[in-house]
Amino acid sequence: MQVSFTSADLLAITQPKEARGTTTETVRGIASLGTAGPGELSFLGNSKYRSEVAATRASVVLLPPDYDGAPRANQLFLLVDNPSVALARLCSRIEQLLWPKPAPGIHSSAQVAPGAKVAASATVGPLCIIEDGAVVGERTHLQGQVFVGRGAQIGDDCWLMPGVILAAECILRNRVRLQPGVVVGSDGFGYEFVGGRHEKTPQVGIVLIEDDVEIGANSTLDRARFSRTVVGEGTKIDNLVQVAHNVTIGRHVILCAQVGICGSTTFGDYAVVGGQAGIGGHLSIGSKAKIGGQAGVNFDVEPGTYVNGTPGIPYMLGQRLHVLHRRLPELFKRVDELEKLQAGR
Amino acid sequence: MQVSFTSADLLAITQPKEARGTTTETVRGIASLGTAGPGELSFLGNSKYRSEVAATRASVVLLPPDYDGAPRANQLFLLVDNPSVALARLCSRIEQLLWPKPAPGIHSSAQVAPGAKVAASATVGPLCIIEDGAVVGERTHLQGQVFVGRGAQIGDDCWLMPGVILAAECILRNRVRLQPGVVVGSDGFGYEFVGGRHEKTPQVGIVLIEDDVEIGANSTLDRARFSRTVVGEGTKIDNLVQVAHNVTIGRHVILCAQVGICGSTTFGDYAVVGGQAGIGGHLSIGSKAKIGGQAGVNFDVEPGTYVNGTPGIPYMLGQRLHVLHRRLPELFKRVDELEKLQAGR
Amino acid sequence: MQVSFTSADLLAITQPKEARGTTTETVRGIASLGTAGPGELSFLGNSKYRSEVAATRASVVLLPPDYDGAPRANQLFLLVDNPSVALARLCSRIEQLLWPKPAPGIHSSAQVAPGAKVAASATVGPLCIIEDGAVVGERTHLQGQVFVGRGAQIGDDCWLMPGVILAAECILRNRVRLQPGVVVGSDGFGYEFVGGRHEKTPQVGIVLIEDDVEIGANSTLDRARFSRTVVGEGTKIDNLVQVAHNVTIGRHVILCAQVGICGSTTFGDYAVVGGQAGIGGHLSIGSKAKIGGQAGVNFDVEPGTYVNGTPGIPYMLGQRLHVLHRRLPELFKRVDELEKLQAGR
């Protein structure tokens, strides 16, 4: 991250209510209060770390307006309405430096079929493949080594990072961001057992990804047997997640890393699933339901409830059982004792 | 899925015993009875949904020969011996439209080493790499951005989807289908701890994939330390599955998504492993054994048995314990009560 | 594995204390004592298999110096100080044949930005992309279809296998080996919930991989929100592992396949994590701590301790509970009995 912000840059970006002290250092990185050194910026985002400000060696510190300490020599305090917001503004600036808007156009090494339609404002990076009949929308960016299959449709302002594979006929709406290595539209896992062999059931549906969805690195989403596997608007999916065929995920859902969802299950809006949880097939997970990390769910989940454990059980019962489970040795002893007393009678 | 079937097309494909009613709609999609609308085809594959037929808005419905209801206006009922088989026939037709047999030949952008042998009937898509000494069989299709390492061998009628990596010397027999992003032949995870460091054990074996195997997106299969990691004929592996070095998987085995198998374990024919299950190393899993989703297995499993839970236990005991585990709070109370009575004596 | 070793080759490589018998076979493979046949080499690495030596059909057998049996006809025994070390020496030789040191240079199909710096001794294989400002060190090998993002830095003697993606600004030190499909530098999974939507928190940090790290196929390592996600020197990571943003992994740590680590967690040196385990966020895992396969850890772990189960508990307690858990049916019966006796009083 070759960033370089002078004090003047930082004043312009964060627009503080007050600047206290000065520094001659240019800021080349961001770090927490405890680990920052000269040339780094830090911030007080949570008041419980307030005591760490006095000792920090950061050259610049973003602080809330009521912070009353003084900076050390060659240190600049910037008092802003909300240090977290000011930091986010700075990070957005860094993001633009890290990933500048690419120039539109199709790289000479990309393989674009004559029948594909690529918007003039789109960027198709090196070594991408766009098959016949595919559509790439305005300002969409295929970064490099991206595969877009026959008849696939990509909306506007999408970003497909290196190594992404979008299989035939699948659809991305607008502002979809796919991290490296994501596979959209692999075949669903469907076989009929006939004469001692697993015969493949054709998987001829698609995957439809709605607006503003982001999907993490190397995650896989299977095409439907027929009709559609759907990911709703605003949903965010972490790395190495498996979404099976005919699953329907609602809007603004969160699926953490390594979650696995079996076929035909439906998620309501705003559901949240913790890392490595597994959800069985043909289930209904209600809106705003929460499923704990590593939980195994093989039943419908009511809207708004919290499920945990393997097999999944309601959260409060799970917590209770966890405590009692650890007390099993004691319980066995107590029953031994009771039996001895009984026998001695 | 830009399909379009007229009533005449559907009569020709499904060859019904009887056609009841007519529709002017062309069929552009397939959906379940409850969700289908005009321009879609539906089907009665399971008699428990029989009551939904009367209300379906599908333009065409595949029904068993004994169905006695009448279609609504502009609706066509096709009575066939087996609606599921008729549907599969239709899906196969769609499959051919989605993925037409590609023309043989090597794309101009593919990088094929002079010492590689590619059958004249094979198709090597854009931006593939085929290293020296590799062999690609008759009618095999490398779709795009596929890597075939030095000396690797691919049989006839295989299909390697975009982004597949087949490392040096590994072997695919015939009709093997690898979904996007599959890695066959990564190094096994083997180290010796010497002088405070993990020294790599060379992994110089191969992976051998027998006839008619299919492997899901982004799954990884490690090459053997020496000799072979083997996947037997007809076995089907879902997405994001990990198969470690020197594992031997029998014929017609099913491994669901995100399963992990440690080194040197052996599976008999027709074993089935549920999603996210983990199988320890150097174990023997008997033929037709079933292992439940998320199970953790660290012992040999007898042929034909069903194992579940973490650590895995026999299925019936697991079900029993699951019920009793939820009753732990009650058991603690009952023992409290007994102790009080005892003390009061 | 098209290897071919004559007896003379094997004498030169293993330098035995004594050679007993002779064989006219050339060795074309390695196998265990029980499965080896003519033309294969086997070895006695563990004394418990000593009884299998007499029956082995291997043409050549590596044996400890005190082995006193005689070879059969056309069989060669090589008595060496340490058969495992001799075997490793042979495997290293095979490794060099399998993956000969590639000639330095940039393949004509690679896309290297003018502003990238590639050492003259480095090898950039076909269809790689190296973006502007990236640096590739001495003798480093990008095998094929590798992506190196803007400003990324790769040290000396690294090996990036096919399909590896190293995102912008991330850093690999020296002798780092990335198996196929590894993603280094995908965005961390960070959102703020604002007005009913998940707003992305920019992820502008990097991933830093220290010397001698190896990472398994299709594993994913997220860039830090700011600052760094770090993997320490000598650490080995297996396939399909997820490392979230801002995680710090110490030196010589082992992470087995499909492990998931949530954000900002820190690992001490020499920690070991079993397959499919999940580690929560903002935790501290002590040096030399061991975490069992499939464990779920949501608390700090002391150095040198062993944790197991879901949720994770100390290993010895876990083993105890596992036994008692299976005895729950018996315990319920015993309490029933006590209650009956009590009632009958």
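Each chain carries a letter (A, B and C) given by its place in the written order, and its residues are counted from 1.
As a working rule, a residue touches a chain if its C-beta (ideal position, glycine included) is under 8 Å from a C-beta of that chain, and two chains touch if they have at least 3 such contacts.
As the structure is a computational prediction, the values presented were derived from the model and not from experiment.
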- Through what angle, to the nearest 5 degrees, does chain A rotate to match chain C on its C-alpha atoms? 120
- Item | Same vs different contact residues, chain A with chain B, by half of numbers used | different
- Item | Centroid distance [mean C-alpha coordinates] between chain B and chain A, Å | 25
- Please list all residues of chain A that touch 2 or more other chains. 109, 127, 145, 163, 181, 218, 240, 258, 276, 294, 310, 325, 328, 331, 335, 338
- In their complex, what parts of chain C are in touch with chain A? 109, 111, 127, 129, 133, 145, 147, 149-151, 163, 165, 167-169, 181, 183, 186-187, 189, 191, 196-198, 200-202, 204-206, 218, 220, 222, 225-227, 240, 242, 244, 258, 260, 262, 276, 278, 280, 294, 296, 298, 310-311, 313, 317, 320-321, 324-325, 327-328, 331, 334-335, 338, 341
- Given the complex with chain A, which residues does chain B contribute to the contact? 1-2, 29-32, 35, 88, 91-92, 94-95, 98-99, 107, 109, 125-127, 144-145, 161-163, 179-181, 212, 214, 216-218, 234, 236, 238-240, 252, 254, 256-258, 275-276, 293-294, 309-310, 322, 325-326, 328-329, 331-332, 335, 338-339, 342
